[in-house]
Amino acid sequence: MGKSSDIKLITDGKRIDGRKPNELRPVKIKAGVLERADGSAYVEVGGTHAIAAVYGPRTLHPRHLVNAQKAVLRTKYDMAPFSVDDRKRPGPDRRSIEISKVTREALEPVIFLEQYKKTGIDVFIEILQSDGGTRVAGITAASVALADAGIAMRDLVAACAAGKVDDTVVLDLCGKEDNFGQADMPIAYAPNEDKITLLQMDGDFTEEEFETALKYALDGTKRIYELQKKALKERYEKNE
Amino acid sequence: MGKSSDIKLITDGKRIDGRKPNELRPVKIKAGVLERADGSAYVEVGGTHAIAAVYGPRTLHPRHLVNAQKAVLRTKYDMAPFSVDDRKRPGPDRRSIEISKVTREALEPVIFLEQYKKTGIDVFIEILQSDGGTRVAGITAASVALADAGIAMRDLVAACAAGKVDDTVVLDLCGKEDNFGQADMPIAYAPNEDKITLLQMDGDFTEEEFETALKYALDGTKRIYELQKKALKERYEKNE
Amino acid sequence: MGKSSDIKLITDGKRIDGRKPNELRPVKIKAGVLERADGSAYVEVGGTHAIAAVYGPRTLHPRHLVNAQKAVLRTKYDMAPFSVDDRKRPGPDRRSIEISKVTREALEPVIFLEQYKKTGIDVFIEILQSDGGTRVAGITAASVALADAGIAMRDLVAACAAGKVDDTVVLDLCGKEDNFGQADMPIAYAPNEDKITLLQMDGDFTEEEFETALKYALDGTKRIYELQKKALKERYEKNE
Amino acid sequence: MNKIIPELVRNSVIGSIKEGKRLDGRAFDEYRPIEIEIGDLGKAEGSARVKIGNTRVECGVKIGEGEPYPDSPDEGILTVNAELVPMASPYFQPGPPDERAIELARVVDRGIRESKSIELKKLCITPEELVKVVYIDAYVLDYDGNYIDAAAFAAVNALQHTEIPEFGKLPVVKKPISNTFAKIGDAIVLDPSLEEESVMDARLTVTIEDNGHVCAMQKGGSGYFTADEIKNCIKTAKRKTKEIRKLVK
Amino acid sequence: MNKIIPELVRNSVIGSIKEGKRLDGRAFDEYRPIEIEIGDLGKAEGSARVKIGNTRVECGVKIGEGEPYPDSPDEGILTVNAELVPMASPYFQPGPPDERAIELARVVDRGIRESKSIELKKLCITPEELVKVVYIDAYVLDYDGNYIDAAAFAAVNALQHTEIPEFGKLPVVKKPISNTFAKIGDAIVLDPSLEEESVMDARLTVTIEDNGHVCAMQKGGSGYFTADEIKNCIKTAKRKTKEIRKLVK
Amino acid sequence: MNKIIPELVRNSVIGSIKEGKRLDGRAFDEYRPIEIEIGDLGKAEGSARVKIGNTRVECGVKIGEGEPYPDSPDEGILTVNAELVPMASPYFQPGPPDERAIELARVVDRGIRESKSIELKKLCITPEELVKVVYIDAYVLDYDGNYIDAAAFAAVNALQHTEIPEFGKLPVVKKPISNTFAKIGDAIVLDPSLEEESVMDARLTVTIEDNGHVCAMQKGGSGYFTADEIKNCIKTAKRKTKEIRKLVK
């Protein structure tokens, strides 16, 4: 957060890309975009493009990982080298290892893992283009991919971020807002279950700002949730 | 291939080391050069020195690699740090990983792997000095080492390269020709079986040049094949 | 050893920290300093601070390491990044891998490993501050930690170094003496069993200097041995 | 020999919490005893040992020099690393930091970085060329629950006492305090013990700056929180932080 | 759920090929449908998505700067990397590139490098000191056979549309086309599907330059080729390449 | 096929040693035959092959350039690496050097470094900026016991013949000789064979300089030595070293 800079991020109540504070970027969601995976989904949020694939339930290797009570969920978040301004070296770095962890913990609460004892469910997320909010786009995609794979779930998880730029609480930060803003708070939420399954935050929030940001974010996830359901409906209709 | 340069590689029909286009460098082959390995061989082609060792058939670890239908062949090609102009860092790099793969695929077609079900056969190749054509010298050595280890084979594999320098197709490129030439094409060939088991090429060949180079290379491998058989014969005679 | 320098390390028979040649730095030993480990100990030798922890006998993973005849002892020596002048990158380097090996071989001769067949005993050593003699401080701590864990032992192993500075044989080199001295010889010794279980040396010793240094070192270990026993006694009394 | 939490203990923890009590008798918003020992500046430019209950973290600060990042050419560099060393727990394995250790380092890092605790601009020697590098290494030596708060607090204490040779005191102006909560069933407890962590559904860390603002948060674990639970955690954290900040040496 | 090729399908493929037919009805020298989508130049300086049948590769080109190699002090640097990402196939594992991914990268690299596709001398900024570095990353996202041709073709397409900020178009003058054949029994088929690859004895890739010359070849697999088979593959490749090259966007 | 030492051989070795004899008929302080072949300076600036019995080590010396270490700004850099390549023994695995290979490299390094064998100051080109780097790589190609002495001796021989282009002979002024002993029961034998190593209790390496001083020692193995045993090893080493040093080519 907050490289100090002279960049003005809000002018006349409008953000640098013309949005209002509580406005999402254009969101596209498509289920079933890959042939090989058991389930898959593609998500675009503005300039951020994420694709997720699911394999499983399947036999888990190595065997010592097997859990007799439930499926083991594994997640891998990865940014393509060409998804960012300066080429990223391929392979996991500390950031992507942390994001893989919180992504798994964002999805676990809604999957009926106990229905798939002794198996593994693998979720792979690739960020093909990055313009802020890649982890939440990845979680949104992963959730649809899990449903596309026919994995039993309590609810879908929808994810988006809220934050603060130029002392204003805003929804869904783009890359520049993320770089030069004052706070960023990615959230994942299962609306039907009323469960916040991911929450991270860095920057500077008063208690009141936090509460506004949380309201914005939960509101944003609900709108994304509708698009997730629509994408799955289109997928099923196409398959019939 | 083809660092552009002013170096003249052919003068009056002679190559920089005085050879004619279709001439091999001096080749020495010796079987059974190591005590510990089950089979071994040493090959010198001009300034390129390769040693190969074979272990197996033996128990394969880890167990999940075991194939119930046949032996698993594993190959490791390695250049000693002191084998090249600028010291090479020890350990596999991308080049040696690729060469290990194509070496394995060059040897597999001639080994009766199905006679050694559930076992592993390991081939280790060390390049002690490098002056062009290390992978083919390694394959030539490995093939003799496999025979020395008593592994049942349909045929020996002999290997050498052909290429193009100063617009002339030539056999068995030395290091300088490899660096400043126009094409290089390593070939492995089992003469009795008429099987080309390795073929790589980079540079620039017309269809006609390719056909000449292929002819040269197959011809070269046949000469090397005779030296391989001679080395094995000497080895057996010595052992009697 | 022996960065050449103008530093005078002995003046009027006194060393840079005022010690006589055959004098140890102040030594503190405490057993049972960690809650979680099965056994633990803390050792201070001057500015060198080491902590050791023991887990086991416990189930050994991976299973192929299991020895049906005895316990497998594993040791890991590690320097904290902040223990040295220039921050050390975390993780094992070549030096710490070697020290882990000689530490294991210094402890094995005194443990009744055959009493704990098929299990693993793990010894972890962390150097929190380094001022010369870290490996011997680590071995001294590990030995106490093993006893604290209730592992059956023939004897305790006590360790310290002797060396040479300004042409004088000295006991227990501090960091500066180690850096600018002429020889360093770490020794581990089990006094009751009369077993030298670790011996390394680098620098320059005549045969006579070696014998003096060995005498100093064995003498030093005996003093440390008494402090080890005292620490264990205090630990047992406290536990009663 | 083996200290893995037995099923019996797990049931006791849950049963007790349901009745509004913690096994060790603490209130739900009560820390275990906190001990702080400031290092004697041996090889480290700053160091501190913090114990929260039996959880023990050694934190050392080393100062180096290096090239600044291109996007902050006039600022020093902050690097936080954490190690869950295998001596601390039978659950920790030798090897490079796993996802838990990486998350720990990054949560500690965010607290310090986002609160602007260190005046990084003062660590610039030559813009675009040379700046001071602050390495914070947190070593978890004994693990009995809640290593996050112990490591974060050790870092805050170590930074307070960091002296750079031929430079002076490290310019530290904030004391961000991390507060970690565990959700067990419907209850939320502060500073979970190892036993409590073994049964918790989810974890929430809230880091509070000197001015009472939130500067970092992190949810962990396979469970979830409601909006109200998070709001309450923030309120508790703001309140508790005042006590804890006073303990900084 | 599991899409591993069953024995039954393997037998069908072989039986069908013996009768001169491919399971999907293609001629032996026929590619599956090829789709190309040029990236909209987001973060990558150039990018393309290529689908050959259901095999999908995303290729991105990034431009950096660096020191030239000592033996080519006045030339830019070309670096090709390929990833067989685990989302693409149950056969691909997370982790650093294995021998298959490394071979893929090196075969794509040789096609571009040996055809002198990129005018590397134009990428020199200061000889011996600073040159442009061209990073080509090919991500195989969906694997249904023949990732080599898909990746090579994605790279060729991405390079055509690579724009370097404050520099202009990347100087690309050649379009090397890779053609991969599978030998199944005595038959040789172009562009093998996943099912065909699962039964093939050996693989041959022939890369043809704009002038019809061969610039790279690579045999793979545990089987072999005869001299005549290789000559025929080259002839087919020279012929097919003309069609494929027209598809470049 | 498998050359792992059978129990029967182990018992023979021990029985024989007890009777004062070695299985191969050597005296306790006798080396196996030593063969030395100096490399013909192909790519390496210096190289040697040493065989002690059937144990064979190839050692190559490469010369590079680099920045000196801050604490020795006017000295060249010495780097020793050793590889127990898997072709040498069924006990050696592919992969980065394990603890045995690292110990080997460090013991060879200490012999050369501590005897001040190479005049490192003469390898300084520009103080604090550029110095020659001496890379010594010892490759154990065939392992039949006692790779330490074979590697150390190969290094000494290779260094003697190292020529640096446009610089001249590498300034080598000492020939440190390493002598490795195995303790088997109460007996101590020099230059242990593979069979002897398989039953030894402990190992001691004593490296002796030209002037008869000890410059490095290393105990290995799970056993122990007494003070008198070590003193006797040093005496033997001092005596044997004179013979061995004469063999240096």
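When the chains are written out, they are named A, B, C, D, E and F in that same order, and each has its own residue count from 1.
Note that a contact is a pair of C-beta atoms (placed from the backbone, for glycine too) under 8 Å apart; a residue touches a chain by one contact, two chains touch by 3 or more.
Since the structure is predicted, the reported quantities are computational estimates derived from the model, not experimental observations.
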## Note on the structure
Matching interface for C-F, options A-E, C-D or A-D, criterion over half of contact pairs identical, gives A-D
### Task
Could you put a whole-Å number on the gap between the CA centroids of chain E and chain F?
48
### Message
Based only on mean CA positions, could you tell me how far chain B sits from chain F in angstrom?
### Response
32
## Note on the structure
The distance between the C-alpha centres of chain A and chain B, rounded to whole Å, is 51
### chain B and chain E, separation of their C-alpha mean positions in angstrom
26
### Of all residues in chain A, the ones touching two or more other chains
none
### Task
Name the graph shape formed by the protein chains and their touching pairs; answer line, ring, star, complete or other.
ring
#### Entry: Going from chain B towards chain F, every chain in order around the ring
B, F, C, D, A, E
### Query
Any idea which chain D residues touch chain C in the complex?
1-3, 42-44, 47, 54, 56, 58, 60-62, 64, 81, 83, 85-90, 94, 96-97, 135, 137, 139, 141-144
### Message
Per the contact definition, I'd like the list of chain B residues that touch chain E in the complex.
### Response
1-3, 94-95, 97-98, 100-102, 105, 108-109, 179, 185, 190, 193-207, 210-211, 214, 218
### Message
Which stretch or stretches of chain B touch chain F in the complex?
### Response
34-38, 40, 47, 49, 51-53, 55-58, 76, 78, 80-87, 90-91, 122, 124, 126, 128-131
### Message
List the residues on chain E that touch chain B in their complex, please.
### Response
71-72, 99-100, 102-103, 105-106, 110, 113-115, 202, 204, 209, 212-227, 230-231, 234-235, 238
